[in-house]
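The next block holds one structure in the form of structure tokens; read it before the comments.
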Amino acid sequence: MEFSFSSSASKIIHSTGFFSLGGGDIIMLGVACVLIYLAIWKKFEPLLLLPIGFGCLLANIPMSMMASTDSGGLLNFFYQGVKHEILPPLIFMGVGALTDFGPLLANPATLLLGAAAQIGVYMTLIGAVYLGFNMQEASAIGIIGGADGPTSIFIASKLAPHLLAPIAVAAYSYMSLVPLIQPPIMKLLTTEKERKIKMEQLRPISQTVKIIFPVIVTIVCCLLLPGVAPLLGMLMLGNLFRESGVTARLHETTETHLINIVTILLALAVGSSMTAESFLRVETLKIIVLGLLAFSFATAGGLLFGKLMCKFSGGKVNPLIGSAGVSAVPMAARVSQKVGADTDPTNFLLMHAMGPNVAGVIGSAVAAGVFISLFGDAGAAIDTHAALAPIIGNPEPGMQALATVVEAVKQ
Amino acid sequence: MEFSFSSSASKIIHSTGFFSLGGGDIIMLGVACVLIYLAIWKKFEPLLLLPIGFGCLLANIPMSMMASTDSGGLLNFFYQGVKHEILPPLIFMGVGALTDFGPLLANPATLLLGAAAQIGVYMTLIGAVYLGFNMQEASAIGIIGGADGPTSIFIASKLAPHLLAPIAVAAYSYMSLVPLIQPPIMKLLTTEKERKIKMEQLRPISQTVKIIFPVIVTIVCCLLLPGVAPLLGMLMLGNLFRESGVTARLHETTETHLINIVTILLALAVGSSMTAESFLRVETLKIIVLGLLAFSFATAGGLLFGKLMCKFSGGKVNPLIGSAGVSAVPMAARVSQKVGADTDPTNFLLMHAMGPNVAGVIGSAVAAGVFISLFGDAGAAIDTHAALAPIIGNPEPGMQALATVVEAVKQ
Amino acid sequence: MEFSFSSSASKIIHSTGFFSLGGGDIIMLGVACVLIYLAIWKKFEPLLLLPIGFGCLLANIPMSMMASTDSGGLLNFFYQGVKHEILPPLIFMGVGALTDFGPLLANPATLLLGAAAQIGVYMTLIGAVYLGFNMQEASAIGIIGGADGPTSIFIASKLAPHLLAPIAVAAYSYMSLVPLIQPPIMKLLTTEKERKIKMEQLRPISQTVKIIFPVIVTIVCCLLLPGVAPLLGMLMLGNLFRESGVTARLHETTETHLINIVTILLALAVGSSMTAESFLRVETLKIIVLGLLAFSFATAGGLLFGKLMCKFSGGKVNPLIGSAGVSAVPMAARVSQKVGADTDPTNFLLMHAMGPNVAGVIGSAVAAGVFISLFGDAGAAIDTHAALAPIIGNPEPGMQALATVVEAVKQ
Amino acid sequence: MEASISAALNVSVLAMGVIFTVLVILIFTIQLLVKLIPYKAPPAPPARAASSPSNQDDQVAAITATLASHMGKRPDEFRIVNIQSH
Amino acid sequence: MEASISAALNVSVLAMGVIFTVLVILIFTIQLLVKLIPYKAPPAPPARAASSPSNQDDQVAAITATLASHMGKRPDEFRIVNIQSH
Amino acid sequence: MEASISAALNVSVLAMGVIFTVLVILIFTIQLLVKLIPYKAPPAPPARAASSPSNQDDQVAAITATLASHMGKRPDEFRIVNIQSH
């Protein structure tokens, strides 16, 4: 290496980011700043969108080695946790630790509203196929309608990793926009009389039931749809830490510092996948449009099923709680409360809407499980995953492969 | 891929867990529920047995990819931390941060009670060899008598990884049963007069001694038995964080959120190794019987040595503190206190029993060190471990191996 | 394996550390004890030097498999986080979360003092070259003058990993010695009149500016010097968590338990690299001498530039705040305050010195970026890093390599 | 592989069917559970205070030993009767 | 590869130049920023209390529902008007 | 490899011997340590309050600067004499 003044200066100048800064990079730096702006000043899911935006900022500085695809770069290490589907289940454990399923247990029929809202997933899937996406991609886009961040990231990284960035950003952005997207649809699809319906108070639930519930859900749902075990299992484990009453230490860690650490790693990793190459494509625009569709249809699905339940219950169910079936906890339930109170200030729907709201989380996880059953070719999944495991766990496979090759060559 | 309705439906049905649910899976799901029940309603070491049970539940749902052997599955990733012996030392760092060695320092002779209680390890080892286990397996089973979870998991994963699940479950279960197992043995082996012995108050210990102690223990024990360095070294580092007075931040993290996070990962990993194939064997029954034996002999060993110390000290030592030498901190010390108070309510043995109690932890670690010196063939250990390290740290060995093979083939 | 009494006994004796304890090991155990002593009783950066010393202790117990070079050993796993430059940026995220850039924003000209203090880096670099080190080694040694631990470790592990241990120890030791090293130089280079200068109160800064600042710094500095993105980017992300006001959860975790966990892992890893082979060399002595030189020149550089600013500002700047430009936050700023108050007890320089103090952190990071631009051959860096990533992320390269080889052999 | 709208429709109908099936099974399970284990009002608060006598014993023992150590008396020279947290 | 002192000097001068350049750019950016966005004294504290009406609505709704559940009344039989934290 | 009972016995006796040896060495080390560094009653509490004057200086400086900044005065126009935590 030569260290004359001019050669050193030239080396520094050629290694600046400016030297290889392309138009795409500049646009993506702008996108990163917009995300950071929305997170801080518009309070769009700031816990996620702030580090996602910052990860995007770092990833799009040329030569910084901070894109998810830069082998050996810092954010590439974090990205392994997304790629191998480790981080989303850990986030879900924290979500479970933060969730009270009481309102759902008090009115289990609201699970149907969480199911009905999944129609948004499938309307979007059909729309995505119509726009030219293949079935796996369409499924990953559709899951945006589940209004659930970790589920979207989990499914996208499994079925369509090249679309992870726009899917994650769309999911979190529209979740933040729930208070804007839902009310007009809610007012359009319900009558004033329906919105004024006051619901009966929720009955109290035994602590024992609250403890058994996560175990039952795990057994039932994971037996039926085993692919959802990492997500739903960890959600329910977090909830069991919360409700069991004997694991306060684990509950506290799970709902605070563990979920916070994992959130930082996950969000930076997602942001680092937002490179010009992967994001500035016509597919991203399509996904943004389809995402809005997904949320709207999910809202409508929940509301219409709510009207059905209203009719069948003899007017005891306020259809406004149906829109909370999209997940987006607890934002969507608050919207139900607010739209109800706008019509009649003495109508308190919040706790009633929490039932379908958490049902929406379970519903989306089940929808994810269906996708994994359909597309997550178990064999293929093992192949993909096999990358790390045999190497860490077992030094032999590589040697066996070598031996096989040598045998073949010798003949 | 075809997506006709019937082919899709068939795919979903064939991928349900029910489709490949065997009798063994059902039994293991039952075992998992029993563990969860014991953890929550019987308060059997709930911080460990609850996530172990839940890990077992997930691992035994067919097709869920959550067993420790499912390459690329979520719990397989956590299992690497057990397999590579990373998680037990980290737990031990937290245990050290939580432990006050003051009572031991005030009465160092109680270290002998922690030594005597290790007889349980060796009686069990002999019993296990008698029942047909080989020496490594017998050692791993024997260490259950050390009554110390992380040590048992560390040794089992090193010497007999195929027996990890039953050994870990037996160790934690019997630790919870200490209040049931010990008192009858204690009353059988001591006279009422002995149980009434009141011990002299413990002398206060200089903070400087408390700081130097962990360093001394590390140097002495690890020089004599280097294999125990990961366990004992981290235990003593955690204690140094506690006693040094200058690392309050690290102490707080070590004894709360770090140990909690590691506990969750470790327990899920252990649970995920409880598959029907590895657990539903006659060996498991043998281990459960041997485990009970181990605890009983350890208790008896501590008590009888306590009687010896009583005699030699001219009646100044209450033999009841000997049973606390099994570890199971602080449960065993509480049992000493309670049995003493049952005989004479004015007899306060708790602090006196804390000495042998923490001595038991050191004693078991030393016993583990002896096993590693005897069986942990350093060369073999390096081979096993070499799996991960050269690959992460050095891209060349693989290429060198390739080159070697190619050379060989070419000739 | 034979288990006669004598063969077993011989095995245990041969596996003790005493059996292969060399003179170098004994000296290093002494060094470890000295570090622990300095950390606890002299309060030399105890959060780092205590676990570094303990890691050194464990690494130098023969046969304990705890050196950073022992593949598969516990501390070797932690060392991967240093080697792959994951841990220092995470520490920097915590530092950012703990840092208030307000005083710097109120008086941005103090950034120049942070720049001037970097002269210590380059005087040391020249000195190191003079003493026979090559350019990369000299740069890694020079960065000690940056008075910033994570930056030193980051650069040393990138440019001269074989010198990591003495560089890290020198950096943290001299940072602790700032209150001893700086005052004589400060009194020598300033007049009493200068030291009595009272500075104008800092103007308040808008919260919006505090939020935008970390984003601007990231964009400007990382575009100019992309190699510094992991360090400076994470520093600024941590600060954004602090100032944004919408990510209180992430801020709290980052500045407490996350930085604590990473500190423990990093310090143990650094300590584990202090083996006799790597540490007991004449280079270590040179580095210790050069490190003292580095701090002295950095202090002088800041002071002299402070005198310049004093002159140009018409006597409004007290040159004593210049010495705070070395980083060593907040120690160096406290020294400025103290030396100022020694001359005039009514002179309050602390907040004024905080500006150059945090400027010193940015300055050192920029200096690190220059080194990476000059020496961190991007291609080579990718090669080095490529070790882990393709294997975890992609099963194919190995197979492709195999295929290539097989092709070559077949011909 | 371009997917056809009809395939998408098939998958959608099937998936909604599975989702409703799974959640209906859950509803029935919950209803059964709630019926089998009805809510009972929690016992009166005083019951709770007395619930952990062994723990209190421990505390008494620990405090006694500590006090004894500091006061230079044997533990049996005085007695702690009760601990009240406030 | 032994390095020469002159190379070390070249690198040092260059690096100090780069550092000063980068930090001077930062200084100008900060000065611009501070000029564009001047500090404003924070609004009076009472403003803060009224700042999150929607959250308070939530709290009123939640507390009302909970109270109703415990008191065995329908939520519209009583009304919470305001919540004061103290 | 089936192990023989006699091998197990050998290992057990040896291991118990090693354990007792190691722990007896520890006992002697501790006894030496405790003898060399006897317990001293902690100094009277007022000593502690005065123990960190430099920290307090920092606090005075920081508070003075902050107050000055908020009150619009120069730091030398007033003086903080002491900080008491309560």
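Think of it as A, B, C, D, E and F in the order they're written, each chain with its own count starting at 1.
Rule of thumb we're sticking to: a residue touches a chain if its C-beta (ideal position, glycine included) is under 8 Å from a C-beta of that chain, and two chains touch if they have at least 3 such contacts.
If you're wondering where the values come from, they're calculated on a predicted model, not measured in any experiment.
Common neighbours of subunit D and subunit E under the contact definition above: A.
Counted as hops between touching chains, the shortest connection from subunit E to subunit F is 2. Ranking B-F and A-E by contacting C-beta pairs places B-F first.
By the residue-number overlap criterion, the interface of subunit A with subunit B counts as different, with under half of its numbers used by both chains. Seen from the Cα centre of subunit B, the chain whose own Cα centre is farthest off is E. Interface equivalence for B-F, evaluated over A-E, C-F or C-E, points to C-E, where over half of the contact pairs coincide by residue number. A centroid comparison over C-alpha atoms places C as the chain most distant from subunit D. Distance between chain centres (mean CA atoms), subunit B to subunit D: 25 Å.
The geometric centre of subunit B is 37 Å away from that of subunit C, both derived from CA atoms. Put simply, the C-alpha centre of subunit A and that of subunit F have 45 angstrom between them. Each of residues 1, 3-4, 7-8, 11, 14, 18 in subunit F touches at least two other chains.
Shared interface positions of subunit A, defined as residues touching 2 or more other chains, are 1, 3, 8, 12, 84, 135, 203-204, 224-225, 256-257, 370, 374, 384, 386-388, 391, 398, 402, 405, 409.
Interchain contacts (touch definition given at top) occur between A-B, A-C, A-D, A-E, B-C, B-D, B-F, C-E, C-F.
Per the touch definition, subunit A reaches subunit D in the complex via residues 105, 108-109, 111-112, 114-115, 118-119, 121-123, 125-126, 129-130, 132-135, 138-139, 203-206, 208-209, 212-213, 216-217, 220-221, 224-225, 359, 362-363, 366-367, 370-371, 374.
Put simply, subunit F touches subunit C in their complex at residues 1, 3-4, 7-8, 10-11, 13-14, 18, 54, 57-58, 61-62, 64-66, 68-69, 72-76, 79. Considering their complex, residues 1-5, 7-9, 11-12, 14-16, 18-20, 22-27, 29-31, 33-34, 37-40 of subunit E touch subunit C. Across the complex, subunit A is touched by residues 84-86, 89, 93, 135, 211, 215, 218-219, 222-227, 229-230, 233-234, 237, 240-241, 244-247, 249-250, 252-254, 256-258, 370, 373-375, 378, 381-382, 384-395, 398-399, 402, 405-406, 409-410 of subunit C. Per the touch definition, subunit A reaches subunit E in the complex via residues 1-5, 8-9, 12, 198, 200-204, 334, 337-338, 341, 346-352.
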